[in-house]
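Naming follows writing order (A, B, C and D), and every chain is counted from residue 1.
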Amino acid sequence: MNHPVTEADVEEFRAEVRAWLAENVPAEPLPPWTEREGFDLHRAWEGRLFEGGYAAVDWPAEYGGRDAGLRRSMAFAEEYYRAGAPERINMGGLYLLGPVLMQYGTPEQCARWIPDLLACRTIWCQGFSEPGSGSDLASLRTRAERDGDHFVVNGQKIWTSMGGFADWIFALVRTDPEAGRKRKHDGITFLCIDLRSPGVEVRPLAMVDGTRGFAEVFFTDVRVPVENVVGEIDRGWAVAMSTLGFERGAVFGDHAKFSNDVADLAALVDARDLGEDTHALDELGRVLVQTEVYRANVYRLAARAEAGGELDSTASINKVFWTQMQHDIFDTGIRLLAEDGAAVGDPGSLPDADPATLRAWSQWHHRYWYARAAMIFGGTNEIQRNIISERVLGLPMEPRR
Amino acid sequence: MTLHDTLDQDRRELVELTDDLLGRHCDLDFLRARIDDGTAHTPGLWSRLAETGLVSALVAEEQGGAGLSPAHLSGVLHSLGRHAVPEPYLETAVLAATVLGALPGPVADTWLPRIAAGDAIVVVRLGELTPLVPYAADADLLLDLADDGAVRAFTADELEVTPVAALDPLRPLARVVLAGAGTEVGDDSAVVARTRTLALAGAACLLAGASQRLLDLTVEYVAVREQFGRPVGSFQAVKHKAADLAVMVDMATAAALSAFDAVDEPDGPRRAAAAKAYAGDAAARANVDALQLHGGIGFTWEYHLHIWLKRAMGLAASYGTTTALRRDLARELLARVAGERRG
Amino acid sequence: MNHPVTEADVEEFRAEVRAWLAENVPAEPLPPWTEREGFDLHRAWEGRLFEGGYAAVDWPAEYGGRDAGLRRSMAFAEEYYRAGAPERINMGGLYLLGPVLMQYGTPEQCARWIPDLLACRTIWCQGFSEPGSGSDLASLRTRAERDGDHFVVNGQKIWTSMGGFADWIFALVRTDPEAGRKRKHDGITFLCIDLRSPGVEVRPLAMVDGTRGFAEVFFTDVRVPVENVVGEIDRGWAVAMSTLGFERGAVFGDHAKFSNDVADLAALVDARDLGEDTHALDELGRVLVQTEVYRANVYRLAARAEAGGELDSTASINKVFWTQMQHDIFDTGIRLLAEDGAAVGDPGSLPDADPATLRAWSQWHHRYWYARAAMIFGGTNEIQRNIISERVLGLPMEPRR
Amino acid sequence: MTLHDTLDQDRRELVELTDDLLGRHCDLDFLRARIDDGTAHTPGLWSRLAETGLVSALVAEEQGGAGLSPAHLSGVLHSLGRHAVPEPYLETAVLAATVLGALPGPVADTWLPRIAAGDAIVVVRLGELTPLVPYAADADLLLDLADDGAVRAFTADELEVTPVAALDPLRPLARVVLAGAGTEVGDDSAVVARTRTLALAGAACLLAGASQRLLDLTVEYVAVREQFGRPVGSFQAVKHKAADLAVMVDMATAAALSAFDAVDEPDGPRRAAAAKAYAGDAAARANVDALQLHGGIGFTWEYHLHIWLKRAMGLAASYGTTTALRRDLARELLARVAGERRG
């Protein structure tokens, strides 16, 4: 953001993006990425985005981005969602690992990992959560013991997204248990691990709806070169925390996704002939209002970020809001079309719907469960409320035993 | 307040018997096997329910049953909900048995003894309450109850049954088209109305039981799961969420059981509709809070919470949604009050 | 409950009550008891109830009751509410103090206080809360120092209902501060104080809507005879706790009151021509469902009480439910008639309503605020949730610093 | 996120000026005196607002104002809400000034200078949005804006004004009957539509400010009030309730301010309606939670919470209720989506 971005710059970029998307977005939606076939198609799409120069428009040009700045990046996201383009499958790599490498990585690490990441030749997953440490992330127990110029890793990670298809994992491991006993955030290291290494076992994790978007990863005496450490050994907590703001906050532009979801809901209400039911109107209006409010907030945060302000204090507010809104959108759909609520997605319940609406309906339940999951992952909404009450409102900490 | 406290001695024993049976023959392994092989109803479990006399409870003694009144079964239904039993108990043993018991004739003579013996699955179609018919694909006979009182029976070969992808795989649903002529069973709008009331109140009992299980699983989990060096269930925000849920589940249980007991009271229909509507609310709350309080593990297929999450959602959408029932009740109240106030 | 009460007994009693009420209930509603004129009229009505033998039908005959037992008492309450009879103004005396005296009082105390209480010749108020001790009742600081055969009382009570019109107060006072420092529930005494004693000052407390249903009571060197202690000196906590179940639980039969409130709401919906608005129907249906559920619970609790079961564990559940329900009823009315929500109660907003509906509307806001207050008084709903989570669900206590 | 963070430098300074003025001249004692003597609007406070230039901000320079665009005033309105200012600022300084500024002619020439000088109270009637007109009893002039674009002005002697018992005594309401002929001001449906948008967005800003004050008062109180030997605000259930409220209030503020700034954008009307609808929701939550977290003291007349409780309730019911606005928005969306999908 060295030169000021004008409204005209944004609109010019928007027009360029829109034209490219109009030409390139697949006419038929891709099959879900949770199965191999769909995943490969999504990966191919990411390659096409990369070739078009749109893999990460907000990234600095030196790393292969477009230096688009915030407002053009938002315009990109808005156009992307409006065009109905495929779901992005490498967000973890692009928005969690990428910024970490740019900030903490060595030039060698950046050169080694970033180009493949950007082109989606390498899929990365996040290895933070463990079965025993969810909200209390720092209580993690996966061990990495030094052996010459390697670490030997033993332990288990869970909730690694795209885990079943990922090539690499960026994980938090405990390298100094002694230090951790005094202060649990100490003695943790941020380590990148090739999932093809001997001793790694990846087990796709079936979810409540039978899909497998996450995985568990088991490490048994996995040897990892020391040069795969990002940042300082034993100081990985700060490295990891620098990613969490992104996970909690919106990736700017996602308001357009939620507006799409509400448009889908409106189409369902229409297909079910509920357009004159005042209750249905109230409920549809309720979630529509939420998306408008959310959009206003995204623009506010963007203005603040452009002015160089920090967003940490608002990331929790934003996360509680959008996860609740997303839940409300999909829950409302289930409740309003509830005569067949026991068979959500069944095309027989919407005999006159157009294909796009039927497609939305067929995915409704899956999206409902993922909306529920969003209230847990990336710091449960309970943790966010602790943060808001203490850091934003200044209320006292709870006593500890 | 436990279910135990809500029931009298007789019914308590029946519930204990049911719980015991289901604990042995309808455990998690059994339910998982049913999901894996895509069959909810199995002759095996149905026979066990029949052998203990639960299926024939409402059938008259001369037709092989125990001749009990429905009120005896409210706790049993609650238990079936707690165990997520994948069987058409409400449909066959309660609704069909009641309809046929009230409409004597050749159809009843043929089918009641079969029901009592556990040899037949009979389901009911109740107008707008059943746009999708539970267990229709398993049915030997379907009773179609029209609002005007006409009751006709259709054998399996007289039906076109199209299964739909039910949210709850342990409670299959189907669209049904009556393809054959069927047989007249009777014509009695009081019987149809009473069956409707029984369906609402019975679904409320099943639903309250499913919600109770969601609460129980959640309380067990948060009491054990530790984060930040203490049980999650010792955090006040978690405790209060569980407490609010407990209020709803307990009240839903009180309303459901009493409505089922009161089917023959003058205000029985109102109480049944209110109980089902509220049980649907409580189930929705149980669904949201149970999953949120479990955290990630609740989303896994491996953990069993989802069995009850789906049962609760499916039942809430069956036999009248909360929204539809509320509207009917409100209209009835408006008519009553307007009549009184305007003289 | 020595002989079993049959259904026929209940219906016979119900018919008697109904006939009496039909003859005696004032044709026009009394003015609010929060002003002196209305209070005196309510008091006169209580006298009439007493003369009719209906002041406390559930009380034992030896204390002037009718030994009606639970089911007949419920029938009385149902008929009372259905007849639209005046609000009872001596509930604190009848349902809090009365049972305490019967259980803990000396024969002399019973003879001295109960008859006037029952006839409403004496109005009692409860003196438990203090400005510094609300939820944490046992932290109370009103002192009573022994001086011969008197206690000398200094301190302040707040939220004494009917405080502005009461004659006597039953209060918790600290008689052994030393014991209280070790265990705060010790060293507290249950003391009855004549409000006409020198050194007592009663200040009616204006509420958010300007009405004065509560008072603050100040004690400055008030001399109270030791014989006014109920139960043992320094052991008043247990005496007081024996009353709280009643306050939390329903006084059996109040479900009929809430059904009346919902009927008022239906009349308002009708008067505003919202009978075909599905949203209004949903909202009306929602509170109607709650009252039906509540009624089922009241009958369940009654059956349990008749069987000799204890109700303590359910009192908190009941209180959270009915206070929320009551709030929802009045809040729904305000929201549904909200074009004039800023002038709730204004008859001009319901030009065609019948007098009873207009009367209900004119009181709506007042009742709304009192419904809100019910969520605080008698143990806040937050305290109730603590109790439910620990005593009903068995969840662990929170750590104390 | 504070209001401060939401605004740019210019507007921040205007808000600081307003806060400072109101802190000195519209404090609790002042508000209590207004309640006690039954007068909301006073020439004294209005003059002070006028002297600082706040009343004339939107009036053109040649008519004695500053000629600012409305966007400058969003933060000022938020401040007026936080201070529960009992004056028709939105009505006179924003809406009436805008209408008259857009419709030049004799009425504008007469009244705009008076508004700018603080010498006239002018209120607006906006069809269904104002079944009751705020401050009508204090008005020297009323502008009646019809949906078709006709704008007429009525002097006080041409109006029958019947005050009603407004819930918020500091924001008086009245039923108004147009008794005289009035004077034509203009005929421009775009002006009427823009005024409607300004009214919604402006009311949203006032409301967000009132909710912010309820949150602030609550946080201050629970941080200090002790029970069980620790601040009530250290209990997790209290903290989480406050956090949830903070989310709503903060988002309401973001939406309200941005909607007010965007009145002239193509989607301005939608954003204003959404902002007002959400601000109403947030205010309802603030009302419930602020009082519950205060406990008993919040119910007393002596404590000042009720001033903002009533302000929040009154504003939420004014200039379009959440329910009505949601319905309009949903209808508009349905029409849009149906058009797109059906081609």
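Here, a residue touches a chain if its C-beta (ideal position, glycine included) is under 8 Å from a C-beta of that chain, and two chains touch if they have at least 3 such contacts.
Small disclaimer: the values here were computed from a predicted structure and weren't measured.
*Asks:* Compared with subunit C, which chain's mean CA position is the farthest off?
*Replies:* Between subunit C and the rest, the longest centre separation is with A.
*Asks:* Of the chain pairs C-D and B-C, which one is connected by the greater count of C-beta contacts?
*Replies:* More C-beta contacts join the chains of B-C.
*Asks:* With centres defined as the mean C-alpha position, give me the subunit A-subunit B separation in Å.
*Replies:* 39
*Asks:* How many angstrom lie between the centres of subunit A and subunit C, each centre taken as the mean Cα position?
*Replies:* Roughly 53 Å, centre to centre.
*Asks:* Among all residues of subunit B, which ones touch two or more of the remaining chains?
*Replies:* Correct list: 230, 235-240, 323.
*Asks:* Could you pull out the residues of subunit C that touch at least 2 other chains?
*Replies:* 278-282, 382, 385, 398-401, in rising order.
*Asks:* State the interface residues of subunit A toward subunit B in the complex, per the touch definition above.
*Replies:* 129, 133-136, 139, 158-159, 205-208, 210, 279, 334-335, 338-346, 348, 365, 369, 372-373, 375-377, 380-382, 385, 398, 400-401
*Asks:* For a test of understanding, state which residues of subunit B touch subunit A in their complex under the given definition.
*Replies:* Those residues of subunit B that touch subunit A are 131-132, 162, 164-168, 171, 173, 175, 227-230, 235-238, 288, 291-292, 295-296, 298-302, 305-306, 309-310, 313-314, 316-318, 321, 323-324.
*Asks:* Note which residues of subunit A are touching subunit C in the complex, please.
*Replies:* Listed in rising order, the residues are 277-282, 398-401.
*Asks:* List the residues on subunit A that touch subunit D in their complex, please.
*Replies:* These residues of subunit A touch subunit D: 262-263, 266-267, 269-270, 275, 278, 280-282, 284-286, 288-290, 292-294, 296-297, 299-300, 304, 309, 313-314, 317, 320-321, 354, 356-357, 382, 384-386, 388-390, 392-399.
*Asks:* Going by the contact rule set out above, which residues of subunit B touch subunit C in the complex?
*Replies:* Touch residues, subunit B against subunit C: 1, 5-6, 219, 222-223, 230-231, 233-236, 238-240, 242-244, 246-247, 250-252, 254-255, 258-259, 270-271, 274-275, 277-278, 281, 323, 325-331, 333-334, 336-338, 340-342.
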